[in-house]
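Chain naming follows the written order as A, B and C, and within any one chain the residues start at number 1.
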Amino acid sequence: MNLFIESTGFGIVVASILSIAAVGFTLQWGVTNILNLAYVDFMILTAYLDYSLSQVAGLDFWVSAILSVLAVGGLSVAFNHFLIQPFVRRGIKFFYLLIIAFATGTVLQYVIQAIWGSTFFNISVGGNQSYNLGGMLLTESQLIIIGMALFVMVSLHLLLTRTDFGRSMRAVAINPTLAQCSGIRTAVVLNATWFLTGVLCGISGLVLAFNTSTFDVNTGTVYIAPILAAVVLGGIGSPYGAMLAAVIIGLISEWASAFINPFFNVVVALIVLVGVLLFRPEGLLRSLTTSSGGGTS
Amino acid sequence: MTSDAILEVDEVSCAFGGVQAVDHASLKIDRGSITGLIGPNGAGKSTMVNIISGHTKGQEGRIVFAGRETTGLASYQVARLGLIRTFQLSSEFPNMTLLENMLVAPRQVGTKFWNAMFRKSVWNRQEYELLERARHLLVEFGLFKLADEYAGNLSGGQKRLLEIARALMADPTMLVLDEPMAGVSSVLIDRLVDHILELNKTGLTFLVIEHDLEVVDRLCENVYVMAQGSVLAYGPMGELRQNESVLEAYLD
Amino acid sequence: MTAFLITIGIYFFIDLILVLSANLQLGLMGMANLGFVLFLGIGAYAATIFSIGPEPANSLQQYFFGVSLPFPLPIILAVICGMIGGLIVGMISLYRMRGHYLAIITLAILTICSTLVEGYPKFLGGSNGLTGIKQPLASLSSSYNNYQLIFLALSAVLCAATFLFCQRFIHSPLGRMAKAVRENESAVTTLGINPFRVRLLATVCGGGMAALSGALLAEFVTAWGIAPWSFTEIFPATAAMIIGGRGNNWGVALGTFMTYVVVGQGLPFLPGISANPELGYAIQWIIYGVALVAFLWFRPSGLLPEQKGRWKHAPEFVPAMMSSTFDLPAVATIAEQVAEEEVRFHD
């Protein structure tokens, strides 16, 4: 029973990290219709940047964190604007876009290795002091991570529902042409969406690195599995679905990891993914883009 | 003139996400006839065709084609029975030549794996026979000079012709044409109408969905009218023009 | 020097078999089967299992049937395992999945398998992998150089056989049907073709071929782990296919040569690279990535585009046109008939 409560605690931490990552990913997919396989590589790049800024250049913790997140946000916009959109405008088959994203991710991995080498690094937040919350043993660092996740979720909710930008984003997600006709500057919204999701990507990369004792390039690449699982389970394009799914998958994977085999957290996420794809591909919640009905006439 | 039905659609219904696209509709198509299916937008005509061809599953009712029950069959199974349909949007194979497009259609021994890989002599002979037929058809439809062009480079009207020619390669007993004249120039419409009438003389049954009522007049002996998912009326065009409910449906 | 060239040759043939397998599934059939490297792994492990025999000293490898089957059985069994793998993956994913979803589900299956192998080291060696794989036909020669030549011949023959297989597949009515399924799935069903069956067939064949590549690779290197069939290996194979020309086997051969041999093997020779291998890797992958994007932008059909189906139109054909149902007026040559068409069917 102890193990169960403990692993539930870890599950909540994992869910927190995953929810930030998954929400960014699902918004990228839902609004711009791109399956960005390079996402996890952008994530880990943020950690590397933060390492260089905070530990090599000696900048303040929060300054380097914010700078690295913003940098990755900018890189995401550049990625979309210079690499993706030109091909989309040409009408390229989605499959080739997939390969391009995949290739970008792989190239990024090797560039990171060329610049920083293949040693493991460490970045962290808060202290190592453990707190016992009803049987769940969480460190100060992990509590901060959970707090960050909650903050991000609430801010995002407010952004999506209360601001013009949020509404524009939803409009572009549902029907880009119509959105353009109603005066929304689609290209601007797309780039802004990529910046926002790039920032989410960066934050999730940082907290992922905070939560693992040491990280290297592979820490990121393996993470695509739970992200995809959460995104598909939650419903592609649905940020709330992604949050909900992240909690589910975070908990299940930690329980599996505790009770079956430490490697099983990834396997469980993937089995969930395959299961959802086969039996309920539309996911749990409806996406930002509500589907239109069947044919007419 | 035989009056046995080649296609019987019985009380078929289908709903999509709250919209009742087809509502207990029934059709009966006589063998060797050219029947029209008309109605305003949203009437359920294309859905009806999709259900008949097996591309959409109806939720109620049954369909009998050439004496065989085809309710719930997959679309390729329905096609193998001889019921071939065309699509509203041109559905050629764009990165293949016209001849290749034509050769995909007929049943051939070379599509079985063992034959294709290890018995070339068998399918090679059939290939030349099929090529003959394909060339003839392309000539008849006036497309022969484009035989080695990519089908994706054709104009809209030419794609329509190709689609019908290709469907003929599959030896259909009945052709369902979904708005064959849409976006086609009037000269080509005349040619198409002539083609259809000629083919009908050889015994091919037609069901034609069309918006162009003049074309329907020239082609079809009898016409079904659908509106809001159900069949409103049936009869020759002349009668239907006098029919109150038909006029209402169109003006609504 | 010759030994080096022979090794490059061997790798070229092995890699070409893999890229041909990708071409069949991704190029000809247009399926987003990104996880095809899984079959490479299946083939390699199968060849290993059936040839490695009992290992007394090394405790990690004591668990197999203890058989050490002679050549060519491990390779044949590897291909069969690859085909079965293709069948299973195909049955799971091809029936309803398309596009993005198919890509994700095949990647997910690939990752599940590699994670399970890594997580259960007793099963297939985990991340440490397996070593001591028996080399085929080793008894034929005791000298290292001669054995290299033997293996070169072996891989060349098997690669040629695979190439001929793919050529026959693509240029037969079956290949034509496959292309049609790729081009327009709903149109193809309306002609009586069952797209699932063709896709499954391509996946099974592709699985067998990738497994052959894996078996040869494992037997050549005599060691095998998780890295050769990981995510990253998907990229050079697809790049080779796209650059060379998807759907065209000769194009694929050229593309494989350009990526795996010219860039992959040639790059370390440049000055400054051999000193810094990580920089070398980065540059290699950057070149792959840039080449891929450049080709997709400027020449998406690749160096050697997919071939059209062409038949000669014999002059004797012209008199046959007289018997058409439309009673065309007599014309002497095809040219006149074509000109006639232009007048009557002007669109």
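Following the convention adopted for this analysis, contacts are C-beta pairs under 8 Å (C-beta built on N, C-alpha and C of every residue); 3 or more make two chains touch, one makes a residue touch a chain.
From a predicted model like this one, the values you see are computed outputs, not experimental measurements.
> Across all chain pairs, which one has the most C-beta contacts?
B-C
> Mind having a look at which chain is the central one, using mean CA positions?
Nearest to the common C-alpha centre lies chain C.
> Relative to chain A, which chain has the most distant C-alpha mean position?
B
> What whole-Å value do you get for the distance between chain A and chain B if each is reduced to the mean of its CA atoms?
That gives a centre separation of 48 Å.
> Measuring from the mean C-alpha position of chain A to the mean C-alpha position of chain C, what distance in angstrom results?
32
> Counting only Cα atoms for the centres, state how far chain B is from chain C in Å.
Result: the chain centres lie 38 Å from each other.
> In their complex, what parts of chain C are in touch with chain A?
26, 30, 32, 34, 92, 96-97, 99-101, 103-105, 108-109, 111-112, 115-116, 118-120, 231-232, 234-235, 238-239, 242, 278-279, 281-282, 284-286, 288-289, 292-293, 296-297, 300
> Taking the touch rule as given, give the residues of chain C at its contact with chain B in the complex, in rising order.
Those in contact with chain B are residues 165, 168-169, 172-177, 179-180, 183-184, 186-195, 201, 306, 308-311, 313, 317, 320-321, 324-326, 328, 337-338, 341-342, 344-347.
> If we count contacts the way the header does, which residues on chain B are in touch with chain C in the complex?
Of all residues in chain B, those touching chain C are 53-55, 74-76, 79-80, 84-87, 91-97, 99-101, 103-105, 107-113, 116-117, 120, 123, 127, 131-132, 135-136, 139-145, 147-148, 150, 155, 157-158, 166-167, 170, 185, 187-188, 191, 198, 202.
> Looking at the complex, which residues from chain A come into contact with chain C?
Those residues of chain A that touch chain C are 35, 83, 86-87, 90, 92, 94-96, 98-100, 102-104, 106-107, 109-111, 113-114, 117-118, 221, 225, 228, 232, 261-264, 266-267, 270-271, 273-274, 277-278, 281.
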